[in-house]
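Questions regarding the structure given below will be posed in turn.
By written order: A, B, C and D. Residues from 1 in each chain.
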Amino acid sequence: MDYSVDELMIAAMARELSGEVMVSSVTALGALSAYLAKRTHAPELAVLSTPESGMEVTPMPTLTLGQFMTDAQRGIPLTMEDIFDAIFLDRFRIWINPAQIDRFGNVNITAIGPWASPRVAMVGSRGIPEDTSHLSAILYYVTNHSPRTVVERVDFRSGAGYGPDRERLLGQRGAPTRLVTNLGVFDFNGPDHSLAVLSLHPGVSREAVQEATGFPLSFSDDGRMDETPPPSENDLAIIRASDPLEVRKLEFLGGREAAERLVQIYERERQAMRAALWQNRGRLR
Amino acid sequence: MNKLLRHTEVVEAIPAGSTIAIGGSSLSRKPMSLVRALAARGAGDFRLIVDVGGPEVDLLLGTRKVSRVVYAFVGFEIMGLAPNFRRAREQQTTEFEEWTEFTVMAGLDATVKNVPFLPTHAGLGTDVLTVNPSFRLFQDPIEGETLVAVPALKPDFALIHVNLADPFGNGVILGDGHVDVLCAKAARHTILSAERIVSPEELQRYGRDVQIHRIHVDAVVEAAWGAHFTGCAPYYRADLAHVQAYLAAARTPETWDAYCARYVTDVPADYIQAVGGPEELVGRLEV
Amino acid sequence: MNKLLRHTEVVEAIPAGSTIAIGGSSLSRKPMSLVRALAARGAGDFRLIVDVGGPEVDLLLGTRKVSRVVYAFVGFEIMGLAPNFRRAREQQTTEFEEWTEFTVMAGLDATVKNVPFLPTHAGLGTDVLTVNPSFRLFQDPIEGETLVAVPALKPDFALIHVNLADPFGNGVILGDGHVDVLCAKAARHTILSAERIVSPEELQRYGRDVQIHRIHVDAVVEAAWGAHFTGCAPYYRADLAHVQAYLAAARTPETWDAYCARYVTDVPADYIQAVGGPEELVGRLEV
Amino acid sequence: MDYSVDELMIAAMARELSGEVMVSSVTALGALSAYLAKRTHAPELAVLSTPESGMEVTPMPTLTLGQFMTDAQRGIPLTMEDIFDAIFLDRFRIWINPAQIDRFGNVNITAIGPWASPRVAMVGSRGIPEDTSHLSAILYYVTNHSPRTVVERVDFRSGAGYGPDRERLLGQRGAPTRLVTNLGVFDFNGPDHSLAVLSLHPGVSREAVQEATGFPLSFSDDGRMDETPPPSENDLAIIRASDPLEVRKLEFLGGREAAERLVQIYERERQAMRAALWQNRGRLR
């Protein structure tokens, strides 16, 4: 069965989701993994269509239409307060894709270089501090595993990994639990809660993953490394049917190529939504 | 009781140096017509408060109207980083304070609840606490746990774009509410822009979608396409083609000045025509 | 995912000694069918948390199921004082702790926000602070003001009556929401009773009236007239004739025992018949 | 022009309301004074039909139908959070009728006798502590002014009047501003912020009001006491039209008489509401 790395990652990410929790589906990989999990082993998931609404919908990876989907599918509207309450109560899951993740699971989406005089100012910590101080499962993914993304030490801790601050102030609350990259699946059960390989994707060697990582990785003791299970035929059918425009591929592209693909999808996604909307007219708008 | 004003009247009422909270979230329902009116005027030195910011922060930074930004996020989502925000951060031309999504909400809520702070665990173990001098660690008086004290955020003004408003300031938000209700309650003065002004009778058909209450509102401005180039569900989606043009324009001072001349400074009243006119907008953006 | 249970199953799942938060407000939308089922069983020693309490607290006190009550108010509004509450307070047969409306909300919200307390000025200058040992005065870490620390309230169970629910636990509240959402979020286990069980598809037509979300709900019980003799807008109003009968019965032990035998202990399943049957109820109570 | 004391009180209470604030109308006198103010000098008031909803309705004094009125008139639904936020922001007014009010404006609805072993356990402080720590206008009314209701010192402070605690902890926030009784109108500008007569109702003497009060009252220095202005013809027309069932009279009755009247009103108020509801069917319910 042919599949691509995005599909392999989505299947691996889906396996980490279960329980009656809200699942954010802000990114395409997040949305698809949530939906795949719900359609296979975890029907109890409450998948959202936007960062704050649309509970009980079928998420469609989208650039701009999340709220329209809530409407089209009569998703349950939520508030930001509902979302953060769910986070504080540990009834929320989200796959976060940081710009940097380090050996102890600290993550950075704020700045490359010092915060006050950054070489690259990124976006700001958003809600990651809330997640990493409350959730019992903290899930990260990285689509371009390299020494620049999986680093010895992040330039800025937007999210709390392991370290003395956690020990003193947080304990296990919000500690990192999983990392899925384009090379493998990892946890934080290495020495001192450092990153450790759980499985490598088919065709990825120990050397390749070590070379792509900015610090010495932990491997399991017996020298045998599990291979990440490939997506099943059913998984692939679900993924492809829910993302016919292949929004998921955008997260693997850079610069100009991404921009071009994006414009195409942006035009076409409206048609898909319109079809859905017309089925549900009549609701008070 | 009639609070209907024009964009220019509203903007004149906001003194330079004011602290302004802005509603919406990244590319969703930002009060862009009010923001453009602010960007087009002379004095600025505004102190912005945003939770999830995007084009509104970037445009005000790009037109040099801002002396300080409190933010949890400023970006263009899938479209990339916010160019003027990035430049201002890297060149340190403006004062910034990084907060987080919930703590911005808590800071606003503290003002609403008339308390100097609200407590949370959010931020512990992160460098937000290292770089943000406003937060303080303290021992809670009940259990002795170490918590973050989030200080009250006190906006002078809030700018919020809604789907519908009546002339008294009640407002309907049909899509996601973001932190707009908190902004409206926390600000000393709240200004609504609305896609359409309707009678109180029509507005009151919307039940719990009437999220903004007039007791918290001082002025209402009619603004069709008022969120453009961000989206305003369920009426229109974000205009990613315009976002691309914006990002391209922000690359050099010359192209940026041309962008501002075309869309901000010279013709703010004719903005809708400048971006193609209502028919074209409907064709591209209505869902 | 199907959470539909019967009253008896739900009541068996609540251990004696549990802390139970109850939704509704005085004579509005109290989960009376669940409360009657609790009142009819053997063991009790429940620790109740109510904001604005009424018949539910009174009935559980009258049937000796309660060891402790946290409350901001317990009464029958225009109909007068709550007789069993009054007796228990005056004869000191039960432990009581007086809170206030907002502080009960803040105590529940502290649990939701996972913090040991929330701060407020409410209560300063009153004797609530004198008699309630749970509250603590402290100096806030930002301004040094003296504030009240409201400790987290941690219910094991919440009982809430809604207009509609789906089998997964999403619930629609059409009238006033009272503090029900806070109760549902704060409790470790939330139990809904609903006038009617509907499919998720039908329920999701109600937009923002879907106020209770299934991630916070453990069990759903179908209970037509489940709030009787309190009201459930917009379906039926409070039954003041029954309130009068209740108040008259509470005057002596004999009449009270007779009331309980008729409406609580012996025939909980036939309650609707005992109070006149659906047709008579519609005739008297539907608006 | 003939009027009764309830109508005089309602007119006096209405004069105290103005500004763009939410006004609770839980009691009949509260509802009618709010509505009268809105219809005369204060159209900007946002009058509620229940303790937490129905903004922008025409309140009808009712025993059990507040929420139905919100529905019938498409009042704006609020939440308890909205209400308390309005209180903390001083954009809320409510006429409170305490069981006891004392010389310095402390009020009691909790207990007669000691709290822990009360002679009469009443209802509990409800939301009065919130009001008396935040609002710039604190409004009380008493329908049976007597030494048992207007007392030297309340048995329990459900609401904070003046006193050392206020000076130390609250300042002016939430201090009592007005008391309207069946005998007169009062403020707290006597010595040490004690109760002082502003006006006496027509036919009420200084001696009568002093005799009905459990402590020495302050009167204005010039010995001349203003008379409470009677309700205008227009006031009376508005009051009577909005309360044809005379719910307002219940607050002046005791025991059995009140109970009988109540049952009559309870039966009849449904008819009035039904008529209103039928005009507004069609809203999603």
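Some points to look at:
FYI, contacts are C-beta pairs under 8 Å (C-beta built on N, C-alpha and C of every residue); 3 or more make two chains touch, one makes a residue touch a chain.
Bear in mind that the values here come from a model prediction, so they are computed numbers and not experimental data.
More contacting C-beta pairs link the chains of C-D than the other of the two pairs A-C and C-D.
Separating the CA-averaged centres of subunit A and subunit C is a span of 40 Å.
Here the spacing of subunit C and subunit D, counted between their Cα centres, is 27 Å. Centre to centre, using the average C-alpha position, subunit A and subunit D are separated by 55 Å. Residue positions of subunit A with contacts to 2 or more other chains are 77, 134, 284.
Residue positions of subunit C with contacts to 2 or more other chains are 113-114, 121, 205, 207-208.
If each chain is drawn as a node and touching chains are joined, the picture fits none of the line, ring, star or complete shapes. Chains touching one another form the pairs A-B, A-C, B-C, B-D, C-D. Residues 20-22, 43-44, 46, 55-56, 74-78, 82, 85-86, 88-89, 91, 134, 283-284 of subunit A touch subunit C in their complex. Contact residues on subunit A toward subunit B in their complex (touch as defined above): 50-53, 63-65, 67-68, 70-71, 77, 79-81, 84, 87, 110-111, 115-130, 132-134, 156-161, 163, 165-166, 168-170, 173-174, 250, 259, 262-263, 266, 270, 273-274, 277, 284-285. Across the complex, subunit C meets subunit B through its residues 113-121, 136, 138, 140-143, 145, 147, 149, 151-152, 207-209.
The touching residues of subunit B, counted against subunit A in their complex, run 25, 27-28, 51-52, 71-75, 78-79, 81-82, 85-86, 89-90, 92, 98, 100-103, 105, 121-128, 130-131, 146, 174-179, 205-206, 231, 233-234, 237-238, 240-241, 244, 287.
For subunit B in complex with subunit D, the residues that touch the partner chain are 1, 112-114, 170, 185, 200-201, 204-205, 207-208, 210, 213-216.
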